[in-house]
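Labels run A, B, C and D following the written order; every chain starts at residue 1.
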Amino acid sequence: MALLRLENITKRFGGLVAVNDVSLEIEAGESIGIVGPNGSGKTTLYNVISGVYPPEQGRIFFEGKDITNLPAHRRAPMGIGRTFQIPRPFSSASVRENVAVGAMFGTLSGKVSVDECSEIAEHYIELVGLQAHKDKDSGTLTPVEKKLMEIARALAMKPKLLLMDEAMAGMHPRDIDDMVKFLKKIKEDEDITIVSMVEHIMRAVAGFAERVMVMYRGAKLIDAPTAKALSDPRVIDVYLGRPTGEGEDAEG
Amino acid sequence: MKINIAKYYPLIPVYAVYLTMFLVGFFVPGLWQLVALLAFYCALGQSWNIFMGMTGYVDFGYVTFIALGTYGMALGITYFSQFPGLGIAIIFIGLLLALFLSTLSAILEAGIALRLRGAYFAIACIGINEGLRHLIEGAKIWGGSEGMLYWKELTEVFGTETAIQLTTLWADIAVFIIAAMAAFINVYYMRSKIGYALTAIREDEDAAKVMGIDTTKYKTIAFLTSGWLGALVGAMAWGLKLTHVFPADVFVIHYTVECIVIVVLGGIGTLLGPLVGGLIYGLSKYWLAIILPGFQLLIFAPIIICIIIAFPEGVIGVVKRRVKGTRLERYII
Amino acid sequence: MLKVENLESGYGSMQVLWQLHLEVNKGSITSLLGSNGVGKTTTLCTILGSVELWGGKITYEETDITHLPTHKKVDLGIVLVPEGRHLFVNMTTHENLTMGAYPKEAVKHMAESFELVYSLFPILKERAKQRAGSLSGGEQQMLTIARALMTKPKLIMFDEPSQGLAPKLVGEVFDAIKKMRSEIGLTILLVEQNVEASLNLSDYVYIMHEGRIKAEGSAEEIKGSRDIKEAYLGI
Amino acid sequence: MILELLAGNLIHGLLLGCVYGLSTMGLSLIFGVLKVINVGHGPFIMVGAFVTLAMVTIFGTAPPVAIPAALVVGMALGFAFFYTVMRRLIKAPEFTTLLVTFAIGILLQEVVKFTFGAEYRGYNWEVGKIILTITTIPMTKVYASIGSIIIALLLYLWFNKTRIGTAVRAVVEDSEGARVCGVNVDRIYALSFAIAIGLTVMSGVFLTMFIPVGINPYMGGVYTLKAFVIAVLGGLTSPYGAFFAGLIFGLIENGAYVLFAQIPGVAPFSLTVSLAFWMLFLLLLIKPTGLLGAK
C-alpha cells in the first residue's frame, strides 16, 4: 500500500488550471523530488496534499485512507508535515515555542504534555543546529535560520511524510550538500518519507532524490528515476533548456 | 498530573492589586464607587484581552456581549420575580440567561466573523451589534426602545434593604470576582496548548492549520470565553447594579473602544496590562470629570491618539522588555 | 557612477548592513553575490531609499544622494527591478508600462520608450491589452524589467531577476541584461544567486557575507580565486 | 395603493442612494490606499453639514455654495490629520488605526459641539418641487443627487485620465511597485487621504440638501455604520463599487421602510436600520469580498 496516492488531481483558480490531472504514488521510505518552474503548480499540489484547499477533481489517499475532504488540521496529526517556500515562523514566539507547537499538534497530539513538547522541541532544535538561538523570537532569525527552524518544527511533528518546499533555495552549494546529507540521515533515523520540491537547484535534486517528478504548466511531464528524468529530452526542452552538468548544477 | 505552580506566579501581582483595590474601597469611606468603577474597567480589559490579545482579532462589537449580559440579568429578575420562593437563585438564573444570550450571539458571530480577518471582521462585529440593537428597538422585543425597569421586581423579591445591598455592594464585589476569574483563565490559557495554538493562529493562521491546529476550535474557545466573561460583567455591573436596561445605552460602540484603550494602554496580550490600563483609564476619566466636567472627551481624544502613536506597546509591554532576564521576569507577563 | 561608503542599515532594531562599500562604474555590469539573507536585497533597497538608512554616504554622478527620497532618485535615473515583481496585476500591460514612465523626464520620452521596450520584448506588445496578472511568470518578469526601462534610467539595479524562472528562461533574462548594456548603454548593478551566470556576465564582483562586503575583484579574479569561491560562494 | 407608495419611495431612495454612494467613496478610497478603516467616517459627514449650516445661516448663501467650501475644509482636515497622525500609522496594526480614527471622530464631534452647541438645527431652502402622481420631489433632492453624480464622475475621470490619478490606482494595487516607478508614495497617501476626506465632507453638504434638518454634532454615527454596509456591498476597495452600492442601499432602505410600516406594532424606522445590518451579515456570510468587488 502506498503511503500517499494522488489520483487525477485537478485544481483550478478561476480560469487558471493550476494542477492538471496529476497522479502520483509515493511508497513509504522513498525520497522524491518535484521539479518545475514557478507557476508550474508545485506549491498548489503541496497545498492540496496538506489540505489548504480541496481539489476540484481527484482523490487523495494517505495510508490507504481517503483524505480528500479532510481539513488541514486533521491531516497533520495523521503524519503529514511540511515546510514553506517562504518561511512562515510564528514570529512573536521563540524558536523553542515554535518547534514545540509542532510536537504539540503533530502525530503526538494529545499524547504529550506541554512540558514534554518543550523537551522534544529542544531535541530537534539541537539536531538542526539552532541551540544558540532557541530563546530568540523566531521573527529575528535570518532567512536560512528560519528555514532550519521550520525543518525542526516539521520534524517535531514526527511526520510519516515530510513535504519540503524549496528548503535549499538561497543556500551555499556547500551548505546544500550538508543539507542533503542531513536529510538522508533524518530519513533513516526518523523513518520519514521525504518529498522535496525545488525550482532549479539540480545539485540538490540529483544528490537527494531517488525519483523525480517534473511538472510543467500544472501537468506531470515525467515521473522517473532521477538520472533518467533529468536527461529526458522533453524536460530539457521545456524546462532545463540544456542538459544538466553544463553549469546549472553549480547554482547557488 | 503534576501541577506546575510556578506557571501561576504572574497572578501574584495581579491579585495583590485587586486585593488592595478592594480593601481601599471597602475601608476608606467614600471611595467604594470609584473602586467599583475601576474594577469594572479592569474586568472588561481582562475579558476582552483573552480574545484580542491572544488571537489578534479586533472584536469591535464586543459590547454586544456586555449588552446581552445586561439583558440576561434583566430578564431573569423581571420574569422570575413571579416566583419569590426562588430567592437569591433569581440572580443566578439571570447569570445563566446572560451566558445563554451571549452564547447565542457568539455562535452567530463565530459562524461568520471567525472566517474573516482584518477589516471585514471588525465591520462584521459592528454590524451585528447595531443589527441587534435596532432589531430590539424595531421589533419591540423586551420593551423595545423603552427598555426594561425592574427595581420594583427586585424589591418585591428581596425587600428594599437587601435589594439596596445587592445593587450597591454585591454587584460590585461580583465584578471583582469576575475580574479575578478572567485573570486566572488568561494565565491558564497562556500556559496550555490553547495559548500555543492561539499564538500560532495570531502569527500565521494558514501555517497553523497545516501544523495540525484546529483554528476554528481554538478561536471559538477564546471567543466564547471572552464573550462569557463580558456578559457576566454586563449582568452584574449594569444589569444588577442599575436595575434598568435601554438598548440605546448598552449597545454603544464607545464601550468597546474603552476596552481597546484600556488594553492598549496597559499592553496587549499581557496579563497585568488590562489591570494597569483599567486603573490609568478609570482614574483619569474620573479625575477629568471632576476638574473639567463636560470636556472629558475633548481632552481624551487627542490624548488617546498621542499615546497610541507614541506608546503602542503599553505600560506592561515596556516593563516586560525592561525586566527580561531579571528575577522579576516570571512574575510579569 | 554610483559610490556607496560605510552604508549601515536594518529593520527596527535589527542591523543588517555594516560598513558596506560599493562602487559601480559607468557602463559596467557589477554583481553583488552571496547566499540568501546576507543583506543583498537590503543593500539595493537602502540605496534606493525604500529601507531606512542608518549611516553612510551614497554618491551618484558626483552628487550626494544619501538622503534623497526614493522618487527623487528614480527621477535622477536610478531604478530597481524588485524581487517579487510588484506589478500592478489588475492593470493592463500597457498601463503598467505607462506607470513606469511616471517621472516627469520619462513622460516626455514615453513614445520612444514604448518603442524600445516593445522591440526588446515583442511579446509584451501582443499582451498590451491583457491584465498583468494574467501573464505567465516569464512574461511578468519581462514586464517588470520593461517597466523599469520606461523610467528612462541610467543605472538599473536587478534584484534576483532569475528567481523562480525555469532554467531555460533564465538564459533569456540574462541575454536581455547583456543587451541593455550593449545596446542602450545602461549601467547595471546585479544581485543574483545564480553565481556562475553572474560571474560570466559581470565586469566586477562584490561578495557579501553577513551584511558586509567580504571580497571584491574583477569577475576574472574571482573566478580564479579558489579561496573566495570556497569560503563565500561554496563552489 | 401600497405599490404607489413603494414606487414613490423608491424614487426617493434612488436619489438618496446617489448621496449615499458619494458619502462612501471616501471610505473606500482610504481603505484602498492606506488599508485603514476610517471608523471616524461619519463625523466628517457631520462637519460637511455644519459647513453648510454656517454658510447658510452666517453668510446667508445658498447651500450649494457650501460645496467648494466643504471641499476646502475637508482637504485641509485631511492633510492636517494625515501629517499629524495617519502618516505614522501606515504599517501599524489594525487596532491602532481603528482606535485612532475613532478618536479623531470623537475629537471632531466635541470641537463642533463646543463651537456650535449640541442642539438639533436645520435650514430652509425652497427651490420648487416636481409633482408626480405618486410622490412629490423637492428640487433640492434632485440637485443633491445630480451634484453627487457629477462629483463621482469627476473623480472617475481623475482616476483614469490623469497621471496622479493613475498613480493613486497603482498605489492601491502595489505601493512598492509604485515606489520603484518613481511615484512619491507618501505624497499619494496624503493626497488620497485629503481627497477622500474632502469627498466625505462634501457629501455632508449634499446630505443636508436632502434632509435639511437634524444637524447636530452626533449625527455622523449612523452614517459611519451605513457607509460600512455600503462599502462592503461595493467591495471595500473600489470607490465606484461604493457608489453603485450606495444606489442599491438607498433603494432597499426606502423600499423596506414602506413595507415595515405596514406591519402593526413595530417601529419601522429602527427595523429598517436593523435590516441594513442583517444584509451586511448575509453578505459577509455569502461573499465576503463584496458583490461589486474586483474578484
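The criterion applied here is as follows: a contact is a pair of C-beta atoms (placed from the backbone, for glycine too) under 8 Å apart; a residue touches a chain by one contact, two chains touch by 3 or more.
Predicted model, so just to flag it, every value in this text is computed and none were measured.
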Chain pair bearing the highest count of C-beta contacts: B-D
Chain of greatest Cα-centre distance to chain B: C
Rounded Å distance between chain A and chain C, as computed from the means of their C-alpha atoms: 31
Euclidean distance of C-alpha centroids - chain B vs chain C, Å: 52
Mean-CA-position distance for chain B and chain A (Å): 43
Junction residues of chain B - those touching two or more other chains: none
Chain contact graph, described as a line, ring, star, complete graph or other shape: ring
Pairwise chain contacts, counting only pairs that touch as defined: A-B, A-C, B-D, C-D
Residues of chain A defined as touching chain B within the complex: 50-52, 71-77, 82, 84, 88-93, 97, 100-102, 104-106, 109, 113-115, 153, 157
Chain B residues touching chain D - in the complex, by the definition given at the top: 52, 56, 58, 60, 111-113, 115-116, 118-120, 122-124, 126-128, 130-135, 137-140, 144-145, 253, 257, 260-261, 264, 268, 295, 297-298, 300-302, 304-305, 308-309, 312
In the complex, chain C residues that touch chain D: 48, 50, 69-71, 74-75, 79-82, 85-91, 95, 98-100, 102-103, 106-107, 147-148, 150-151
Residues on chain A engaged by chain C in the complex (per definition of touch): 36-40, 140, 142-145, 169-176, 199-200, 238-242, 247-248, 250-252
Of all residues in chain C, those that touch chain A in their complex: 14, 35-37, 136-137, 163-171, 193-197, 230, 232-235
